[in-house]
Every structure is written in C-alpha cells, then in structure tokens.
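The same subunit A turns up in both complexes below, where it pairs with subunit B and then with subunit C.
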Partner chain A sequence: MHDRRRVLQWATFARSWWIFDANHQCPFQSANRLCLFLEGKHKPIYHPLSDCGDHVIVINTKHIAMPDRFWRAWRHFHHTQYAGGFQVQRAWQVHREDPTKILKKQIYSTLTGNLLRKGLMARLHLFPEEDVPEGMLRNVSNQIRQVMPVPKTLEDYPIEERESFPRVFEWPEEYVVKDGKEFERQKEYLDEDLSLSKLQ
Partner chain B sequence: MALAKTCCGAIKRFRLELPNFMNPPPITVLQGARTYKQHSYRYNKELYRRRLKVGPIEVTPRSKQLNWNEDVELEAFTHRISEKLSRVGVRQAFTDMSYSRSTAQLVKEVIGDSVQGQELDALDTSAGNEQMAESGDNLARKFIKDFIKVQFPHLPEEGVGSILEFLMSTGKLAHVGKHLGITDLILYDVPLVSLINEEQGEERACAFVRDFIITQLIGEDIDAIFPITSAMTRLVGLLEKKGQGEPISRLLEHCGQATAVSCYFVGIYSDNELIGKAPGETLEIAEEMAAHDALMSLYGIQENRLPFDFNTTYKQYGILNSGTQPTLLSSEQH
Partner chain C sequence: MTNRGIPSAFLRTTLHNGIGRYVCQLQRLTIKFCKEQKQSRGVRDFIENGLVDFAKNNPSVAVYAQVKRHRSPALVAEYLNGKTHIIPVAEKEAAELLEWLDFLRTRSGEDLIRMRKSQHTFSPSIQGAWTPVTNKQVFPPDFTFPNNELFQAHKFTESATDILQRLARKSTSKTD
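Moving on to the complex of A and B:
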C-alpha cells in the first residue's frame, strides 16, 4: 500500500470526537441521537459488526429536562439477586445521587445489546457541568445538534422587557407572599410516591 | 483423515483404470456424502499412502498431448484476434530463436532432404522471431508513448516512462499473452505486433496494442505505477515554472489531536485557490500528501479524471512518423 492509499484509509477509519450540550434536552430523545454517533451509523462504512463508532462528549447532564411527570414517575430498578435485594429509585433520586446516571443508563439501554456495547460506552464521556478537561476538549472536531430548542427562562429577558410586560394586577406594597408554600405541596406528592414504592 | 476421505473417489478410479492413473479425470463430487464408511478406513488409508508415494501428477502442456493440431490452433488464434495473418508468419512469430535452431537441426538430421517446402523454411535458422520481436517492441513502445501523451498531456516525461515500462514489462505481456491463449502456441507476443504491422499495416498493429496492451491500464492506480517522491519540492518547482503563486499550507480539519490516532486534513493554496487537500497522521505527513494531491491534479492523473478514450480515432501516422507533438482528432475529422 503506497502512502496516499494509506492516509486515505487512516482518514476513513479515524475516530472523530463530538460534543453535545444536554442543557434542557430530553434524555430519551438525546439517547437516540447520541447512539447513532457512538455506533457510527452516520458513516458510509457502517456495519453492525465493525467497531467504527465515534467519541461523544456530553456536557451539562445535570441540566437535562425530563418530559411530563417523569422526574417522579420514571423509575430505575436494581436487584442484588439476594432475597429482599430489590431496589427502586425515582428519576429525581437517581439524578440527585449521580447527575450523569439517567442519560448514561438511557444510552446503555438504547444501544444494541451485543459484545460491542461495552466498548461503545467507553467512548461516551459524560460531564455534569461544562468543566471538560482541556486535553479532551482539544480532540473535539464537531458538535451534535440538540434535539430540542432550549427554552428561554424569565431571567434571560432583560429587566426593562419584564417590567414593561402588561400585568392583570400588581401586588400591593404591603402584601407578603407566603414563602415555601409551593415547596411543601410538592413534598407531599413525593412522600406519596415513596410510600407507593415501598409497597412494591 | 479428511484427506484420505477426499482422495477416496480418485483412488477408486485408480484401482479400476490403472493406465489413466497419471491423468485422472477431475473429481466432480466431493461433497454431499451423507455417511462415512468406517469399515473402509484402513483400505482408504493404504490407498492414500500409495498415492503419496507416487507423487504429484506431472503437468503436460496441451501441445504435448494427443489430438493437438497446430495448424488448426494457429488458424483459430488469428480468428480470435480478428486479424488475417498468414500461418507461416504466425508460426515464425511464435518461434523462439533457440527453439527454431534446435528444431531445424533435428528435422534435418532425422528426415534429411526428403522434407521440403514452407514447413522446413519456417523452421530455418533465419526464421526465428528475434527481429520481429525487436521491431514489434519498438512500434508498441512508440505507440503507447504517444497514446499516454495524448491522454495525459501534462504528465512529465518521467511518468510517461513509468507507465510505458509498466505496460511493457515481461509480467504484463505474459499476462496478456496468456489470456489471448498463446501459452501453448508460444512464448512471446511482441513479435505479433511486428507481424500485424507487416501484413495488415501500422494502423491495425497500433489497434492491437491499444486493444490488448494499453487496456491493461484500466483500473490501475497511476499513482502506484508512477510514485511521486518529494512532492513539496516538485510542487514548488512546477508552480514557479507555471508562473503561479507559491504553495501555502493551511490546516482544514483535525480530530483526536491529543490522542495517539490523530488525523489532520491539510489544504494547499496557491493564489488563494485550493489546489490540493489530503489527510495524514501528523501535520507533516498531511502537508506532504496534500502537495502530492495537488501535483496529481496538475499532472492530470487525479482520481476523478475521465476514463480513457479508446474509441476516438487517432491520426496514427501523424503521431508515429512526423515526430511532432501528438494530437487528438475526432472521428469525423479523420
């Protein structure tokens, strides 16, 4: 093989590095998209038995957005194989323990269950925030498009615009909003869910 | 064990037809046996041992076997290549000098003066193919050279020479000859060009070279035949000669920079135009390869070039005899 053929071969099988911002992204839809890149399905040389996938760096996994009531309703199961070793955790509990775990487990279950899966998972690099090591960031050559638009929060609007927005009424100066009321109501729901899980 | 099993069919034939042992008919059925007879194992093993003892079957060329009619074969050969050639001429073209000498002597010794006519003349010492080979070689080389110059007008002389040597190498000619079916007839196919030239004219001879020898270039990587060394130095020289701006390298893409398997794409610009682009393991290799790529497109031997034009008629006498720059004429003009 002469030099030109050799470098063409090298370029064909070179592993690219991609970056994906998981900020306000649905983990289920994100997993579907990321798996394409991990398995190398975006390449013309793809074959299910060939290990031609790319590296994917995911940042902001702490700020993913679960759809609907899934923070409370989506459950992660585990069994130690011993009697009474069954455990179940809500998504919000899992996320509180490890902010990368929901996306990681979702990608793991979306990938095809074969002997390549372990190697593909090794090429997935998850970070809760944007603090990617400098050496890893140097490898990146492209980014993966987000699966949904990031919503604009109230803080993103300038103060002038917020102030000038028309209101139905304004609180009187002396009115005090009862602090923590909303939080307590949410806590009741959560306790209810936890008691349900204990029953199972 | 498996070998003994596979030989079983051949051995059985051997037992029945002893005279045909050296050239057994091909074994057609080897697979599909549903059972293997274990009781015949020792018998098969013994036969297998005997077969090994006898050794490999001697390969005899078709011309040494029975029912070989050389005249008919030569006639068939001329039809195969669609040329009207005299049988004597073909036989002479296919007769090597050493062979012709020894055979002529042998014939004279054995048969003496009783044989006469063309047959003996053809085997005369002067009737070897040495001269034909030489003139055929010259003609073929000249035509191939002109053909390549028309197809690749920007290729340097060195590259033309490399392609010519590739096509006229002994291995390539042997390959062409083998697939024209001259293995049993002879020994060399360049004298044939000379024969066609003499009997059918230069145009037919050139057509023969074009159809059977130059077509070997199809699917070949010109870059492998003509390896370009020290590409950047060459490129600088060539651009200077053409009066273009000097080459400037730029990093276009890269991935895995901090890993052991990094890949870089480098582009070469001249007068703000991308003239070459290539990948590489390091920046230096990628730059050299990009210069290589730029050279290939400047020489007109890039990967995405048009296929060879074999249909257009060349004004062959003009090319071959005048010694001027070869030109391409369309069939209407011709």
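Moving on to the complex of A and C:
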C-alpha cells in the first residue's frame, strides 16, 4: 500500500473518546445510546465484523435514575454453578454494592453477543462520580448527548424566578405554612420518647 | 473446494468499453460441426438459414464453419484479450444456437468467475476517505469536557410547568 493510503487508513479507523454524563439518566435508554458508540454504529464505515468502536467514559453512574418502581422491581440474577448457588438481588442492592454495575450489565446485555463483546466492554470506562483520571479526560474529543433532561430542584432556580412564578392565589398573612420538616420533627419526638423510656 | 479457494474477481469492463464508443470484443467465431451425425442437425440448420445474416450483421467478427467428421459440434469464440470460450452445442436447436451466439457476441471475453460484489468502483471516494472529524464540530483545546450545558437532552415537548407558565404569561399580558 502507498504511504499516503496507509495513513488515510489510520485516520479512518482512529478511535475517538467520548464522555457521557449519567446523572439522572435512565440506564436502559442510556445503554441503547452508548452501545451505538461502543460498536461504531455512528460511523459510515461500520461493519459488524470490523472492530471500529470508540472509547466511552461514563461519569455519575451513582446518580442514574431507574424508571417507575424499578429500583425495587428490577432483579439481577447470578449463579455460582454450585448447588444452591443461585442469587437474586434487587437493583437498589446491586447499586449499593457497586454503583457502576447496573449500567455495566445493561450495556453488556444490549451489546450483540459475539466475540467482539469482550473487547467492546473493555473500551467502556465507568465512574461512579465525576473524578475521571486526568490522562483519560485529556483523550476526550466529544460528548454524547444525554437521553433525558435533568430535572431541576427548587434550589436550582434563582430566587427572582422563584418569586415571579405564577400563583393562583397568595396565602393570607396569618396563615402558617408547613415547612416540610414534619417527619424530622416527629422523629425527634419519637427519639426523645425512646430515650425517656430507656431511662425509666 | 472452499469458497475462498474458488477464483473470484470484482466487476470490471475492458478499457472502459462502451464509454464513448463500443468495440465488439468477439473477434473470431468458429462453428465446428459434423455433416452426418444427428447431434449436429441444429447447427447444420443454422448454417443453412441464419449464419449469413449473422455474419452480415456483425462485420467485425470473422466467422468460420469447420467440418469435423464424427465429432460433437461446438462454438469456439476468440476474443480481443486472447481468451477462448468454447460452447458445446450437441443436440441444440437452431433458435437456441442464435441465443448462444448473442451471448458470445456481447461478452467481454473475461473469464466467467465468481463476483465478490455485484457492484465495484476503482475510485472509491472523490471527496476523500471518511475520518472521525469529517463534518464534525472540532472543539478548541481549552474546551473542557464534560459540558452539560451543550450536551443536555433535546426537549421536544412542553412540560406541565412550561404550559402553566405560558398560560400565566398570556393571562397577565391580557390584563396589562
């Protein structure tokens, strides 16, 4: 092959690095999107037999958002191959042990089950928080768009916007509004009761 | 024999034949037949009725008729690239012979082997090969990733809050 053609080949098959913020993202929808980049399906040169996928860094996997009641209902199965070695764990239990595992297993099962899968998984770098190693972050040349908008909490809105939010009516001056700390107050009260009962 | 062992080639034409002008690649046609045997009957029919017309219609092809006593008949086509294509035509009717002759006349003379693809080009891309940065936004070196402002999800529908705010703005503007 001519020298120039050879370099063109390198340029075409160069691996690029992507970053994805999993904060408040559905792991199932995210897996579908991330698999496109891991398999190289976003490239016009894609072929199922050629290993042309990219590297993907995923941050904030600890803060993924499971849809519906899936934190309790979604189950992860494991068998040690020994008698009685079957285990079932709920999503919240798996997430408590390893905050990257739910997304990792979802991506693994979304990828096509062929000999390339192990290599593709090796190009997936998951981090529970935002602390990505400096050298790895330097490779990143582009970002993958999030799959769903991140919800804003009340603190995220500036005070002016909060004040100017349209209201159907104003509370009267003498009306006492609950501050939403009823549960904490009850708990304190209960704790006091318990401590009192212990003393007696 | 394995599929990889079978000779294969990409689709091609001889020297861009047909672009501008067409040169018939068939140069010489020899019809070998027997005067006596039954299996050459169709060839003998064709020589009596259709061969002169064929030769007149294709002046660039040299046509020979050779008598081979007690041999099975055959069409021997020789092409501009030096290749020879032999078609045994024993027990064939004159009408079928005409079709085989048409096939030989319109061929390029290249070997008939397995095609790897049904389409091929010798100039794969005029624009140049694709690279990961082709038609892509290239970020300046001081750009820091992740940037969640730029890569947040597209919002295609209004949320309930958005609708409420829009209605409220509408009503206040009316009262003003």
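Definition applied: the second predicted complex is superposed on the first by the 155 of 200 C-alpha atoms of A that agree within 3 Å, B and C clash if a C-alpha of one lies under 4 Å from a C-alpha of the other, contacts with A are read in each partner's own complex, and residues count from 1 in each chain.
Throughout what follows, a contact is a pair of C-beta atoms (placed from the backbone, for glycine too) under 8 Å apart; a residue touches a chain by one contact, two chains touch by 3 or more.
Because the structure is predicted, anything quoted here is derived from the model rather than measured.
Partners subunit B and subunit C, brought together by superposition on subunit A, fit side by side with no clash. In the superposition on chain A, A:8 makes contact with both subunit B and subunit C.
When subunit A is checked against subunit B and against subunit C, the one touching more of its residues turns out to be C.
When the shared chain is aligned, subunit B comes close enough to touch A:135, but subunit C does not.
Look at A:44: by the touch rule set out above, it reaches subunit C but stays clear of subunit B.
With both structures placed on the common chain, the touch criterion links A:21 to subunit C but leaves subunit B unconnected. Contacts of A:110 after superposition on the shared chain: neither subunit B nor subunit C is touched. Once chain A of one complex is fitted onto chain A of the other, the partner contacts of A:150 are limited to subunit C, with no touch recorded for subunit B.
Across the superposed structures, the minimum distance from subunit B to subunit C, using CA atoms, reads 5 Å.
Across the two superposed structures, the residue set of subunit A contacted by subunit B and also by subunit C is 8, 11, 14, 16, 140-141. Per the touch definition, subunit A reaches subunit B in the complex via residues 2-5, 7-8, 10-11, 14-17, 55, 135-136, 138-141. Those residues of subunit B that touch subunit A in the shared complex are 221, 223-224, 227, 253-259, 261-263, 265, 278-281, 285-286, 289, 292-293. Subunit C makes touch with subunit A in their complex at residues 128-132, 136-139, 145-148, 150-155, 164-165, 168-169, 172.
Subunit A makes touch with subunit C in their complex at residues 8-9, 11-12, 14, 16, 19, 21, 23, 43-45, 54, 59, 130, 137, 140-150, 165-166.
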